[in-house]
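Read through the structures below before going on.
You will see chain A twice below: alongside chain B first, and alongside chain C after that.
Moving on to the complex of A and B:
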């Protein structure tokens, strides 16, 4: 039953997308048709997915399909359901937010196309999660990549949007090519249906292919280079959807493939843990050095994908060393962080979008003082920041806590391998958390506190109510999941059981025992929230009936401070970025002050992605040089091109018919 | 029946030789129209089960498209394009005919190696198919005008279609109609291209297209010097 509802939801999405394309001449109508259809579909899908997750049922459906190797096999189990829930839940505020966000483009851009691709993106992601046949999966995967590509090119007038979309397209297709190989190897026994895959002894190779193929979508270092390009280029609500949900499709692929591969080898876990540690630390370090809010958030996606990979790696290690508590905690942390990251990263991208929409810039050093001018956006951004830093009482803390617990179990246990892994995991998670806090202190301090640094940032107010409401939905979800974390984890037990190849009963017992400390932690969180509320109440009580005056901050006796005297973003984090300059390779262009009464001086910093600069650029340049050898073949003469075909044909004919 | 089929096969071979030898664009279009008409009759005669509705529809479509519509479009194009009526060559008609004889010889040999499995009567069929395909490609390569390349493409396609008639008798009608549509669209697009070539370069020599390459290279160079990165 639930599968039929999901299919209906996908149909509604596709229909409303096409309808919006048809009425594209009127931007208002196109928006209305697409958004109302998408909201309806998301609610339907959400209901169906919640039914599946709570009932733990498995629904399967197969239709014949006239494509070689393909069958229209769809299935929904708990693992699919979790991803469907985050997809449909995040899509609701995303679509709402898009309405006022895109309105300003209505006169210049084709909004019908933008909404069509948005609907197609949501529908194709749902299909990716439901597909139970390799051909159907790859087709949906490709649709997802292509529709998001068209959304990244939305502002095609801007050169950076064009180059970003090109990078994204290439990255997506390199990943898809590897997935093709993965599925061909898995389906060597003839059928490309998921339930008839055979591993046939080369599980290791398949695992590597799966990490490369799905990892390029998820954004593992060093395949992350498309994220900091594509996320800033896309419209903000699409960035929220891409970063919150679409990159998670890579994680879904890894989860799903693990269920095919049978018992894991220890090195799989080590590899994933290594990838997680590298992605996490490098992601947050590069985020620290960014000036553009959305680029910074994109690097934080790399960081959070790293945390998810660490949880996954610890889980695999626990499974291969035979320690069920570590396994369920690691997998639980990973899947829970998938959910949480979708919520808070969606929130952060939306509030960054609201900020950029009203001020017209994403450069942090042109903003400032927005807390007073956009109180709602600022406080919701604060909620997202606290969540992403993994601080209680919000949801990011709960899932990182599970990963910590996995590390703790490992390091206190008697198995040598997991002890080392646990220590590595915990220490790098602590480092990542600390750096993330520094990073978001920077963002919040520079953008929302202080005084406006440019004229634009001065005369603004909160974004439209629709935008605020859509952000509030996600903010409320972050808080709710954070406070109700033990129940959320309980709901995820069927998923953990699927990934850990464990019967549901045993998994339930292990998870309940292993996550018991979560209850204590959440109660403390509740007390914390209570204390904060009490303090606020006390303050207002104490202030009642008294005169409150506002005065300038103490300015060291200097009577005319200007906005330029505030800390800039790079100078605020310089103590930390300086420590890691060996990795970051920040470039500085300095004009030193000169003479006794210097007039002009300037400093500018720029931190390009080292992987793009040192790894991909040389590889691509080398490939171009290598292929340049064949350039003489491309002379532009049609006759000679056909001559190639003729000669090939004749050679083959004579060769085969000697 | 068999005699009629063999006569049509011979007609098609003859048409190929005429195309290789002719020096006039107008004649070339007429010959390819005749070849198309002959091709349209072929399925009606090959199938011994007699005339079915499916065969009739396909035959009518092929005759209409290849025998009448496309040649008319080409004639009209020839009138409207400001161009000479003579064909210009990379390889002249005499040499083309000699090469054609060589190819026909090889095709006979291939036909001997690859006989039709269930219709031993049509001994010239397979050689005709190979000869037609290769003549089509040869015309594309050695004739300079873009219009002759459309004709070459049509000849090539005629060969492929004839192969289908003799071999794949159980093809579904949808596929055959789909192929016809492809041919039509292909000719249509090529016609548009010819028109544009003639407008840009004041001639319909396809070799002129290679100047576009230099144009791209120039543009690339200029953008590279503009943005030193």
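Moving on to the complex of A and C:
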């Protein structure tokens, strides 16, 4: 039953997308058709997915399909359902936010196309999680990549949008090519249906292929290079959807493939843990050095994907070393962090988008003082910041807590391997946590606090009510999931059981025992909120009847401080970026003050992605040189191309006759 | 029932007695410098005076500036729920409470730093920048040290880890190394010499003091009280690590040990501050990374 509702939701999405394309002449009508359809579909899908997750049922359906190797096999289990829930839940505020956000583009751009691709993106992601046949999966995967590609190119006029979308397209297809190999190897026994896959002894190779193929979508270092390009270029609500949900499709793929591969080897866990530690620390370090808010958030997606990979790695290590608590905590932390990251990263991208939409800039050092001018947007960005730093009482803490607990179980266990893994996991999570606090106090402090650093930031108003409501939905979800974490984890038990290859009963017992501390965490969080509220009340009573004045900020006696003299983002993080400069390789362009009465001086810093600069650029340049040999084949002359086709056909014919 | 009463007393006691600790430190410094010094109760007098004052706020600031000291104080007070005192279980001791402990302090720090940035002052920005840098370096050390102790004691809760590693642990030496590392964190997080100088006069060189330059009146009372409470909270952690196994000891001995430990620690801080100058800011990371190395050594000893 639930599968039929989901199919209907997908149909509604596609229909409203097409309808929006048909009425594209009128931007208002196109928006209305697409958004109302998408909202309806999301609500339908949400209901169906919640039914599946709470009932734990498995629904399967198969139709014949005339494509070789393909069958229209769909299935929904708890693992699919979790991803469907975050997809449909995040899509609601995303679509709402898009309405006022895209309105200003209405006269110049084709909004019908934008909404068509948005609907297609949501629908294709739903198909990715439902597909139970390799061909169907790859077709959906491709649709997802292509529709998001067209959304990244939305602002075609901007050169950076064009180059970003090109990088994204190439990265997506290299990943897809590896997935093709993965599925061909899995389906060597003839059928490409998921339930007939056979591993046939080369599980290790398949695991590597899966990490490379799905990891390039998820954004594992060093395959993350497309994220910091594509996320800033896309419209903000699309960035929220891409960062919150689409990159998680890579994680879904890894989860799903793990269920095919059977019992894990220890080195799989070590590899994933290593990837997680590298992605986590490098992600947050590069985020620290960024000047563009959305680029910074994109690097934070790399960081959070790293945390997810760490949980997954610890879980695999727990399985392979035979420690069920570590396994369920690791997997539980990973899947819970998938959910939480979708919520707070969605919120952060939307509020950053609202901010950039109003001020017209994403450069942090041109902003400032927005907490006064955009109180709602700023406060919601603050909620997202606290959540992404993994601080209690919000949701980020709950999932990081589970990953930490996996590490702690390693510390008390008797197995040497899990102990070392636990130590590595815990210490790098601690480092990432500290760096994330530095990074988000920087963003929040520079953009929303202090005085406006430019005219843009001075004369602005808060986001429109629709935008505010859509951000509030996600902000409230962050708080609710944080405070109700034990219940959220309970709902995830069927998923953990699937990933850990454990019967539901055993998994339930292990998860319940291992995550019992979450109840105490929740009570401490509730006390924390209560005491803070009480303290606020007390303090406001304390000042009653006293003289409360305002004055200028203390400036050590300097007579006329200007807003430009405030601490800037690069200065704020300089002690840290300085410590890690061997990795970051920040470039500085300095114009030193000159002469006895210097008039001007300037400093500019720029931190390009080292993997793009040092790894991919040389490889791509080499490939281009290599393939340049064949350039003489290209003439642009149609006759010659017809000749090529003829020759090919003849060769094929003779080959067949032989 | 009595354990709950005792654990609750261990929360009330710091709330009342914490302002004594800066008094003891200052008195020690004064005596070593040959002065009489301020009364030990000076902390209370200052708080009383500040609480009765009005307030002056910078025009630049928002509600966040007022929220900073409150959130900081409350998170530190919440920490008291998790850290045991004198070998009795903490009120909310549970598996993994050490993670919540560290992240509660992180939440407090987030808001202190944000409140500092809310003033738009370069000086406070500088202090905030240093604060996040040094605490970022201290955090992994804390976790690695706790990991070693957790493995040694076989417990995942601060209530099980602290005051328990003594007999078996001292022979291995790991608790000694971790104590050394935690002493550095204690000095750094509480903004003491050699990392920061609470008595400095020049805004440019401050770390913690500069972040609260614009706080006055009741807000500053919250800040000072929070600082005193943090001295107590992290002191409890350190005393608990540097302790024999007190599981079998009678109650009076455990309480006495912990109280004496807090006193000796405060005197120790006073002695360190009298004997040392603060190190250059650029050298502070080396100090903290050194502390991290001690923690790592402790883990190696424990892992064998």
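FYI, the second predicted complex is superposed on the first by the 621 of 658 C-alpha atoms of A that agree within 3 Å, B and C clash if a C-alpha of one lies under 4 Å from a C-alpha of the other, contacts with A are read in each partner's own complex, and residues count from 1 in each chain.
Here is the rule we go by: a residue touches a chain if its C-beta (ideal position, glycine included) is under 8 Å from a C-beta of that chain, and two chains touch if they have at least 3 such contacts.
All of these numbers come straight from a predicted model, not from anything done at the bench.
Chemist: Considering only the touch criterion stated at the top, classify A:139 as touching first (chain B), second (chain C), both, or neither.
Modeler: neither
Chemist: Which chain makes contact with more of the residues of chain A, chain B or else chain C?
Modeler: Counted on chain A, the partner with more touching residues turns out to be C.
Chemist: Which partner does A:657 contact after superposing on A: first (chain B), second (chain C), both, neither?
Modeler: In the superposed model, A:657 contacts chain B only, not chain C.
Chemist: Touching A:649 in the superposition: chain B (first), chain C (second), both, neither?
Modeler: A:649 sits against chain B, while chain C stays out of touch.
Chemist: Could you look at A:43 and tell me whether it touches chain B, chain C, both or neither (first, second, both, neither)?
Modeler: After superposing on A, A:43 lies clear of both chain B and chain C.
Chemist: Applying the touch criterion given at the start, work out whether A:203 contacts chain B, chain C, both or neither, answering first, second, both or neither.
Modeler: In the superposition, A:203 touches no partner, neither chain B nor chain C.
Chemist: Identify the partner contact of A:639: answer first if only chain B is touched, second if only chain C is, both if each is, neither if none is.
Modeler: Touch partner of A:639: chain B, not chain C.
Chemist: Based on the A-chain superposition described above, do chain B and chain C contact any of the same residues on chain A, and if so which?
Modeler: Shared contact residues on chain A (touching chain B in one complex, chain C in the other): none at all.
Chemist: Inside the complex, what are the residues of chain A that reach chain C?
Modeler: My answer: residues 368-369, 371-372, 382, 385-386, 389-392, 397, 401, 404-405, 407-409, 411-412, 416, 419-420, 422-423, 426-431, 433-435, 437-438, 440-441, 444-446, 449-451, 516-517, 520-521, 523-524, 527-528, 531-532, 535-536, 539, 542-543, 546-556, 563, 565-567, 571-576, 579.
Chemist: For chain C, which residues count as touching chain A in their complex?
Modeler: 51, 53-62, 64, 66-67, 70-71, 73-75, 77-78, 81-82, 92, 94-97, 99-100, 102-104, 106-107, 109-110, 113-114, 117-126, 128-130, 132-133, 135-140, 142-144, 147, 150-151, 154-156, 203, 213-214, 217-218, 222, 285, 299, 303
Chemist: Please give the residue numbers of chain B that touch chain A in the complex, ascending.
Modeler: The contact residues of chain B facing chain A are 90, 106, 109-110, 113-114, 130, 133-134, 137-138, 140-142, 144, 149, 206-207, 209-213.
Chemist: Give every residue of chain A touching chain B within the complex, in rising order.
Modeler: Against chain B, chain A makes touches at 634-640, 642-643, 645-646, 649-650, 653-654, 657.
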